[in-house]
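One structure below.
Labels run A, B, C, D, E and F following the written order; every chain starts at residue 1.
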(Lines give C-alpha, C1' and ligand atoms only; values in the text may rest on other atoms or scores of the structure.)
Protein backbone atom coordinates (compact mmCIF):
# COMPACT_ATOMS: atom_id res chain seq x y z
CA UNK A 1 0.00 0.00 0.00
CA UNK A 2 2.90 2.42 -0.10
CA UNK A 3 2.23 5.79 -1.69
CA UNK A 4 5.16 7.76 -3.04
CA UNK A 5 5.12 11.32 -4.34
CA UNK A 6 8.16 12.45 -6.31
CA UNK A 7 8.61 16.14 -7.03
CA UNK A 8 11.27 16.98 -9.57
CA UNK A 9 12.34 19.91 -11.67
CA UNK A 10 12.78 18.86 -15.27
CA UNK A 11 16.26 18.10 -16.53
CA UNK A 12 17.58 20.15 -19.45
CA UNK A 13 16.37 17.58 -21.92
CA UNK A 14 13.03 17.12 -20.17
CA UNK A 15 11.88 13.93 -18.48
CA UNK A 16 10.74 11.25 -20.90
CA UNK A 17 7.84 8.86 -20.49
CA UNK A 18 10.38 6.04 -20.28
CA UNK A 19 12.31 7.78 -17.49
CA UNK A 20 9.08 8.25 -15.55
CA UNK A 21 8.34 4.55 -15.98
CA UNK A 22 11.86 3.76 -14.74
CA UNK A 23 11.36 6.03 -11.70
CA UNK A 24 8.08 4.27 -10.84
CA UNK A 25 9.53 0.78 -11.18
CA UNK A 26 12.74 1.77 -9.41
CA UNK A 27 10.93 3.15 -6.38
CA UNK A 28 8.57 0.17 -6.21
CA UNK A 29 11.67 -2.03 -6.31
CA UNK A 30 13.24 -0.18 -3.37
CA UNK A 31 10.09 -0.69 -1.28
CA UNK A 32 10.09 -4.40 -2.18
CA UNK A 33 13.78 -4.83 -1.38
CA UNK A 34 13.83 -2.85 1.87
CA UNK A 35 10.41 -3.58 3.38
CA UNK A 36 9.11 -6.57 1.43
CA UNK A 37 6.19 -4.55 0.07
CA UNK A 38 4.93 -6.28 -3.11
CA UNK A 39 5.55 -4.00 -6.12
CA UNK A 40 1.92 -4.42 -7.12
CA UNK A 41 0.92 -2.51 -3.96
CA UNK A 42 2.89 0.64 -4.64
CA UNK A 43 1.38 3.84 -6.04
CA UNK A 44 3.66 6.59 -7.35
CA UNK A 45 2.74 10.11 -8.43
CA UNK A 46 5.35 12.26 -10.15
CA UNK A 47 5.01 16.05 -10.08
CA UNK A 48 7.14 18.08 -12.48
CA UNK A 49 7.72 21.51 -10.98
CA UNK A 50 8.83 24.55 -12.99
CA UNK A 51 12.15 25.83 -11.67
CA UNK A 52 10.72 29.27 -10.94
CA UNK A 53 8.31 27.51 -8.52
CA UNK A 54 11.13 25.77 -6.64
CA UNK A 55 13.23 27.24 -3.88
CA UNK A 56 16.36 25.41 -2.83
CA UNK A 57 18.65 26.71 -0.13
CA UNK A 58 16.11 29.46 0.48
CA UNK A 59 16.52 30.88 -3.05
CA UNK A 60 14.52 30.47 -6.24
CA UNK A 61 16.16 27.94 -8.54
CA UNK A 62 17.45 29.66 -11.64
CA UNK A 63 19.03 26.90 -13.63
CA UNK A 64 18.42 23.22 -14.22
CA UNK A 65 20.56 20.66 -12.52
CA UNK A 66 21.86 17.68 -14.53
CA UNK B 1 -10.90 23.09 9.05
CA UNK B 2 -10.48 19.87 7.11
CA UNK B 3 -8.15 19.99 4.14
CA UNK B 4 -8.58 17.41 1.41
CA UNK B 5 -6.29 16.82 -1.56
CA UNK B 6 -7.67 14.68 -4.37
CA UNK B 7 -5.29 13.39 -7.02
CA UNK B 8 -6.93 11.91 -10.09
CA UNK B 9 -5.99 10.93 -13.57
CA UNK B 10 -8.43 12.39 -16.06
CA UNK B 11 -11.23 10.23 -17.38
CA UNK B 12 -11.41 9.63 -21.13
CA UNK B 13 -13.78 12.54 -21.56
CA UNK B 14 -11.81 14.81 -19.22
CA UNK B 15 -13.04 16.11 -15.90
CA UNK B 16 -15.51 18.96 -16.25
CA UNK B 17 -15.79 22.05 -14.08
CA UNK B 18 -19.16 20.73 -12.90
CA UNK B 19 -17.67 17.37 -11.91
CA UNK B 20 -14.97 19.15 -9.92
CA UNK B 21 -17.66 21.17 -8.16
CA UNK B 22 -19.51 17.92 -7.41
CA UNK B 23 -16.32 16.35 -6.01
CA UNK B 24 -15.74 19.34 -3.73
CA UNK B 25 -19.31 19.41 -2.44
CA UNK B 26 -19.44 15.62 -2.13
CA UNK B 27 -16.30 15.44 -0.03
CA UNK B 28 -17.39 18.36 2.17
CA UNK B 29 -20.67 16.50 2.66
CA UNK B 30 -18.88 13.33 3.78
CA UNK B 31 -16.92 15.30 6.39
CA UNK B 32 -20.17 16.89 7.62
CA UNK B 33 -22.01 13.57 7.77
CA UNK B 34 -19.24 11.53 9.39
CA UNK B 35 -17.54 14.05 11.70
CA UNK B 36 -19.97 16.94 11.94
CA UNK B 37 -17.49 19.34 10.32
CA UNK B 38 -19.42 22.28 8.87
CA UNK B 39 -19.13 22.25 5.06
CA UNK B 40 -18.06 25.88 5.17
CA UNK B 41 -14.86 24.79 6.94
CA UNK B 42 -13.63 22.36 4.33
CA UNK B 43 -10.93 23.16 1.77
CA UNK B 44 -10.42 20.87 -1.22
CA UNK B 45 -7.64 20.94 -3.80
CA UNK B 46 -7.92 18.73 -6.88
CA UNK B 47 -4.77 17.74 -8.78
CA UNK B 48 -5.16 16.27 -12.24
CA UNK B 49 -2.20 14.02 -12.96
CA UNK B 50 -1.17 12.92 -16.45
CA UNK B 51 -1.29 9.14 -16.70
CA UNK B 52 2.38 8.91 -17.65
CA UNK B 53 3.13 10.52 -14.25
CA UNK B 54 1.11 7.93 -12.34
CA UNK B 55 2.29 4.51 -11.26
CA UNK B 56 -0.26 2.02 -10.05
CA UNK B 57 0.66 -1.47 -8.95
CA UNK B 58 4.29 -0.48 -9.42
CA UNK B 59 3.81 0.19 -13.16
CA UNK B 60 3.23 3.35 -15.18
CA UNK B 61 -0.42 3.73 -16.05
CA UNK B 62 -0.92 3.37 -19.76
CA UNK B 63 -4.62 3.79 -20.24
CA UNK B 64 -7.40 5.76 -18.65
CA UNK B 65 -9.81 4.07 -16.32
CA UNK B 66 -13.51 4.85 -16.65
CA UNK C 1 -6.44 5.17 -9.12
CA UNK C 2 -7.55 8.22 -7.20
CA UNK C 3 -5.48 9.14 -4.17
CA UNK C 4 -7.08 11.23 -1.46
CA UNK C 5 -5.37 12.77 1.56
CA UNK C 6 -7.63 14.04 4.33
CA UNK C 7 -6.16 16.26 7.03
CA UNK C 8 -8.36 16.83 10.04
CA UNK C 9 -8.06 18.11 13.54
CA UNK C 10 -9.64 15.71 16.00
CA UNK C 11 -13.16 16.40 17.23
CA UNK C 12 -13.69 16.81 20.97
CA UNK C 13 -14.51 13.15 21.35
CA UNK C 14 -11.67 12.03 19.06
CA UNK C 15 -12.11 10.30 15.72
CA UNK C 16 -13.05 6.66 16.02
CA UNK C 17 -11.86 3.78 13.86
CA UNK C 18 -15.43 3.45 12.57
CA UNK C 19 -15.58 7.14 11.61
CA UNK C 20 -12.31 6.76 9.71
CA UNK C 21 -13.78 3.76 7.89
CA UNK C 22 -16.86 5.84 7.07
CA UNK C 23 -14.68 8.68 5.76
CA UNK C 24 -12.77 6.28 3.51
CA UNK C 25 -15.90 4.63 2.11
CA UNK C 26 -17.69 7.97 1.79
CA UNK C 27 -14.91 9.54 -0.23
CA UNK C 28 -14.53 6.46 -2.43
CA UNK C 29 -18.29 6.67 -3.02
CA UNK C 30 -18.06 10.31 -4.12
CA UNK C 31 -15.36 9.42 -6.66
CA UNK C 32 -17.51 6.57 -7.98
CA UNK C 33 -20.64 8.70 -8.20
CA UNK C 34 -19.03 11.78 -9.75
CA UNK C 35 -16.33 10.31 -12.00
CA UNK C 36 -17.21 6.65 -12.29
CA UNK C 37 -13.96 5.60 -10.59
CA UNK C 38 -14.42 2.09 -9.17
CA UNK C 39 -14.26 2.22 -5.37
CA UNK C 40 -11.68 -0.56 -5.43
CA UNK C 41 -9.25 1.86 -7.14
CA UNK C 42 -9.30 4.56 -4.48
CA UNK C 43 -6.60 5.05 -1.85
CA UNK C 44 -7.25 7.30 1.14
CA UNK C 45 -4.80 8.47 3.79
CA UNK C 46 -6.11 10.29 6.86
CA UNK C 47 -3.79 12.58 8.83
CA UNK C 48 -4.89 13.70 12.27
CA UNK C 49 -3.25 17.04 13.06
CA UNK C 50 -2.91 18.46 16.56
CA UNK C 51 -4.71 21.80 16.78
CA UNK C 52 -1.56 23.63 17.82
CA UNK C 53 -0.08 22.54 14.45
CA UNK C 54 -3.00 23.96 12.46
CA UNK C 55 -3.45 27.56 11.40
CA UNK C 56 -6.81 28.64 10.10
CA UNK C 57 -7.52 32.20 9.00
CA UNK C 58 -3.84 32.92 9.57
CA UNK C 59 -4.06 32.11 13.31
CA UNK C 60 -3.22 29.01 15.33
CA UNK C 61 -6.34 27.02 16.12
CA UNK C 62 -7.03 27.10 19.82
CA UNK C 63 -10.17 25.08 20.22
CA UNK C 64 -11.72 22.07 18.57
CA UNK C 65 -14.56 22.54 16.14
CA UNK C 66 -17.58 20.22 16.38
CA UNK D 1 15.96 20.94 6.34
CA UNK D 2 12.50 22.45 6.40
CA UNK D 3 10.28 21.67 3.43
CA UNK D 4 7.44 24.02 2.63
CA UNK D 5 4.71 23.51 0.05
CA UNK D 6 2.64 26.55 -0.85
CA UNK D 7 -0.56 26.07 -2.80
CA UNK D 8 -2.10 29.23 -4.22
CA UNK D 9 -4.69 30.21 -6.75
CA UNK D 10 -3.31 32.85 -9.09
CA UNK D 11 -4.13 36.48 -8.45
CA UNK D 12 -5.94 38.38 -11.19
CA UNK D 13 -2.69 39.61 -12.63
CA UNK D 14 -0.98 36.23 -12.30
CA UNK D 15 1.95 35.46 -10.03
CA UNK D 16 5.23 36.75 -11.34
CA UNK D 17 8.62 35.06 -11.14
CA UNK D 18 9.72 37.86 -8.80
CA UNK D 19 6.74 37.29 -6.50
CA UNK D 20 7.56 33.58 -6.34
CA UNK D 21 11.15 34.47 -5.43
CA UNK D 22 9.82 36.80 -2.73
CA UNK D 23 7.56 34.03 -1.37
CA UNK D 24 10.49 31.61 -1.20
CA UNK D 25 12.80 34.07 0.53
CA UNK D 26 10.02 35.29 2.83
CA UNK D 27 9.16 31.82 4.03
CA UNK D 28 12.81 30.87 4.50
CA UNK D 29 13.17 34.05 6.55
CA UNK D 30 10.25 33.10 8.80
CA UNK D 31 11.83 29.70 9.51
CA UNK D 32 15.13 31.41 10.32
CA UNK D 33 13.53 34.01 12.58
CA UNK D 34 11.20 31.64 14.45
CA UNK D 35 13.20 28.43 14.67
CA UNK D 36 16.76 29.43 13.81
CA UNK D 37 16.78 27.22 10.70
CA UNK D 38 19.46 28.50 8.33
CA UNK D 39 17.83 29.86 5.16
CA UNK D 40 20.17 27.71 3.10
CA UNK D 41 18.43 24.60 4.51
CA UNK D 42 14.91 25.46 3.40
CA UNK D 43 13.22 23.98 0.35
CA UNK D 44 10.03 25.55 -1.00
CA UNK D 45 7.72 24.23 -3.72
CA UNK D 46 4.94 26.48 -5.02
CA UNK D 47 1.88 24.92 -6.67
CA UNK D 48 -0.42 27.20 -8.66
CA UNK D 49 -3.91 25.71 -8.64
CA UNK D 50 -6.63 26.66 -11.13
CA UNK D 51 -9.62 28.11 -9.30
CA UNK D 52 -11.96 25.47 -10.68
CA UNK D 53 -9.77 22.89 -8.89
CA UNK D 54 -10.04 24.66 -5.53
CA UNK D 55 -12.88 24.34 -3.06
CA UNK D 56 -13.08 26.82 -0.23
CA UNK D 57 -15.83 26.74 2.35
CA UNK D 58 -17.04 23.54 0.72
CA UNK D 59 -17.72 25.26 -2.62
CA UNK D 60 -15.77 25.55 -5.85
CA UNK D 61 -13.99 28.88 -6.06
CA UNK D 62 -15.46 30.98 -8.83
CA UNK D 63 -13.51 34.18 -8.71
CA UNK D 64 -9.99 35.22 -7.89
CA UNK D 65 -9.22 36.84 -4.59
CA UNK D 66 -6.93 39.88 -4.52
CA UNK E 1 -7.23 30.63 0.09
CA UNK E 2 -3.57 29.77 0.25
CA UNK E 3 -2.70 26.44 1.84
CA UNK E 4 0.78 25.98 3.27
CA UNK E 5 2.30 22.78 4.61
CA UNK E 6 5.48 23.11 6.64
CA UNK E 7 7.52 20.01 7.40
CA UNK E 8 10.22 20.43 10.00
CA UNK E 9 12.42 18.29 12.13
CA UNK E 10 12.27 19.42 15.74
CA UNK E 11 15.01 21.65 17.09
CA UNK E 12 17.04 20.39 20.05
CA UNK E 13 14.72 22.11 22.48
CA UNK E 14 11.59 21.06 20.62
CA UNK E 15 9.16 23.38 18.90
CA UNK E 16 6.90 25.25 21.28
CA UNK E 17 3.24 26.10 20.80
CA UNK E 18 4.25 29.77 20.62
CA UNK E 19 6.82 29.07 17.90
CA UNK E 20 4.17 27.22 15.89
CA UNK E 21 1.86 30.22 16.29
CA UNK E 22 4.69 32.50 15.10
CA UNK E 23 5.32 30.26 12.08
CA UNK E 24 1.62 30.36 11.13
CA UNK E 25 1.36 34.14 11.48
CA UNK E 26 4.72 34.69 9.80
CA UNK E 27 3.79 32.66 6.74
CA UNK E 28 0.34 34.27 6.49
CA UNK E 29 2.12 37.63 6.63
CA UNK E 30 4.44 36.70 3.76
CA UNK E 31 1.44 35.76 1.59
CA UNK E 32 -0.23 39.08 2.46
CA UNK E 33 2.90 41.11 1.76
CA UNK E 34 3.89 39.39 -1.47
CA UNK E 35 0.55 38.52 -3.07
CA UNK E 36 -2.00 40.61 -1.18
CA UNK E 37 -3.76 37.48 0.14
CA UNK E 38 -5.71 38.43 3.27
CA UNK E 39 -4.21 36.67 6.29
CA UNK E 40 -7.66 35.42 7.21
CA UNK E 41 -7.64 33.27 4.04
CA UNK E 42 -4.49 31.32 4.79
CA UNK E 43 -4.43 27.78 6.15
CA UNK E 44 -1.19 26.33 7.54
CA UNK E 45 -0.47 22.76 8.61
CA UNK E 46 2.79 21.99 10.42
CA UNK E 47 4.19 18.46 10.36
CA UNK E 48 6.93 17.59 12.81
CA UNK E 49 9.03 14.78 11.35
CA UNK E 50 11.34 12.55 13.40
CA UNK E 51 14.90 12.90 12.18
CA UNK E 52 15.18 9.19 11.41
CA UNK E 53 12.31 9.70 8.94
CA UNK E 54 14.07 12.53 7.11
CA UNK E 55 16.68 12.17 4.42
CA UNK E 56 18.69 15.21 3.44
CA UNK E 57 21.38 15.10 0.78
CA UNK E 58 20.35 11.50 0.14
CA UNK E 59 21.26 10.40 3.68
CA UNK E 60 19.22 9.87 6.83
CA UNK E 61 19.51 12.83 9.16
CA UNK E 62 21.35 11.85 12.29
CA UNK E 63 21.47 15.00 14.32
CA UNK E 64 19.28 18.02 14.89
CA UNK E 65 20.08 21.30 13.21
CA UNK E 66 19.83 24.49 15.25
CA UNK F 1 16.56 19.07 -5.79
CA UNK F 2 14.14 16.17 -5.91
CA UNK F 3 11.74 15.87 -3.00
CA UNK F 4 10.23 12.49 -2.26
CA UNK F 5 7.50 11.71 0.25
CA UNK F 6 6.98 8.04 1.12
CA UNK F 7 3.85 7.03 3.00
CA UNK F 8 3.85 3.52 4.40
CA UNK F 9 1.92 1.49 6.87
CA UNK F 10 4.27 -0.25 9.27
CA UNK F 11 5.19 -3.87 8.66
CA UNK F 12 4.37 -6.41 11.37
CA UNK F 13 7.80 -6.04 12.87
CA UNK F 14 7.78 -2.25 12.55
CA UNK F 15 10.12 -0.25 10.34
CA UNK F 16 13.60 0.06 11.74
CA UNK F 17 15.89 3.09 11.61
CA UNK F 18 18.17 1.09 9.31
CA UNK F 19 15.32 0.27 6.94
CA UNK F 20 14.40 3.94 6.78
CA UNK F 21 18.01 4.77 5.96
CA UNK F 22 17.94 2.11 3.24
CA UNK F 23 14.72 3.57 1.80
CA UNK F 24 16.25 7.06 1.70
CA UNK F 25 19.46 5.91 0.03
CA UNK F 26 17.58 3.57 -2.31
CA UNK F 27 15.28 6.29 -3.57
CA UNK F 28 18.14 8.79 -3.95
CA UNK F 29 19.94 6.11 -5.97
CA UNK F 30 16.95 5.65 -8.30
CA UNK F 31 16.87 9.41 -8.98
CA UNK F 32 20.60 9.38 -9.70
CA UNK F 33 20.39 6.35 -11.99
CA UNK F 34 17.29 7.42 -13.92
CA UNK F 35 17.65 11.20 -14.13
CA UNK F 36 21.26 11.88 -13.17
CA UNK F 37 20.21 13.85 -10.08
CA UNK F 38 23.12 13.90 -7.62
CA UNK F 39 22.18 11.95 -4.49
CA UNK F 40 23.25 14.92 -2.39
CA UNK F 41 20.36 16.91 -3.87
CA UNK F 42 17.56 14.56 -2.83
CA UNK F 43 15.31 15.12 0.17
CA UNK F 44 13.13 12.27 1.44
CA UNK F 45 10.40 12.39 4.09
CA UNK F 46 8.90 9.12 5.35
CA UNK F 47 5.43 9.14 6.91
CA UNK F 48 4.34 6.08 8.87
CA UNK F 49 0.56 5.83 8.76
CA UNK F 50 -1.52 3.76 11.18
CA UNK F 51 -3.48 1.13 9.28
CA UNK F 52 -6.80 2.44 10.58
CA UNK F 53 -5.95 5.74 8.84
CA UNK F 54 -5.32 4.05 5.49
CA UNK F 55 -7.94 3.10 2.94
CA UNK F 56 -6.95 0.80 0.12
CA UNK F 57 -9.38 -0.33 -2.54
CA UNK F 58 -11.93 1.99 -0.94
CA UNK F 59 -11.85 0.09 2.38
CA UNK F 60 -10.06 0.69 5.65
CA UNK F 61 -6.97 -1.49 5.94
CA UNK F 62 -7.43 -4.04 8.68
CA UNK F 63 -4.25 -6.03 8.63
CA UNK F 64 -0.61 -5.38 7.92
CA UNK F 65 0.90 -6.44 4.64
CA UNK F 66 4.30 -8.17 4.57
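Just so we're on the same page, contacts are C-beta pairs under 8 Å (C-beta built on N, C-alpha and C of every residue); 3 or more make two chains touch, one makes a residue touch a chain.
As the structure is a computational prediction, the values presented were derived from the model and not from experiment.
Chemist: Report the chain pair from B-E, A-D or D-E that duplicates the A-B interface, where duplication means over half of the contact pairs agree by residue number.
Modeler: Selected pair, repeating A-B: A-D.
Chemist: Could you classify the chain C-chain F contact as same or different, where same means more than half of all interface residue numbers appear on both copies?
Modeler: different
Chemist: So the centre of each chain is just the mean of its C-alpha atoms; given that, what is the distance between chain C and chain D in Å?
Modeler: Averaging C-alpha atoms per chain gives centres 23 Å apart.
Chemist: Quick one: chain C and chain E, Cα centre-to-centre, how many Å?
Modeler: Averaging C-alpha atoms per chain gives centres 21 Å apart.
Chemist: Just curious, how far off is chain C from chain B if you go by their C-alpha centres, in Å?
Modeler: 12
Chemist: Two or more other chains in contact with one residue: find those residues in chain D.
Modeler: Residues 1, 3, 7, 23, 27, 29, 38, 41, 43, 45, 54, 56 of chain D touch two or more partner chains.
Chemist: Go ahead and list every pair of chains that touch.
Modeler: A-B, A-C, A-D, A-F, B-C, B-D, B-E, C-E, C-F, D-E, D-F, E-F
Chemist: Write out the stretch or stretches of chain E touching chain D in their complex.
Modeler: Residues of chain E touching chain D: 1-9, 11, 15, 19, 22-23, 26-27, 29-31, 33-38, 41, 54, 56, 61, 65-66.
Chemist: What residues on chain A touch chain D, complex-wise?
Modeler: The touching residues are 7, 49, 52-60.
Chemist: Under the stated contact criterion, what part of chain C meets chain F in this complex?
Modeler: Touching chain F: residues 17, 20-21, 23-25, 27-29, 38-48 of chain C.
Chemist: Hey, which residues of chain F end up touching chain D in the complex?
Modeler: 1, 3, 43, 45
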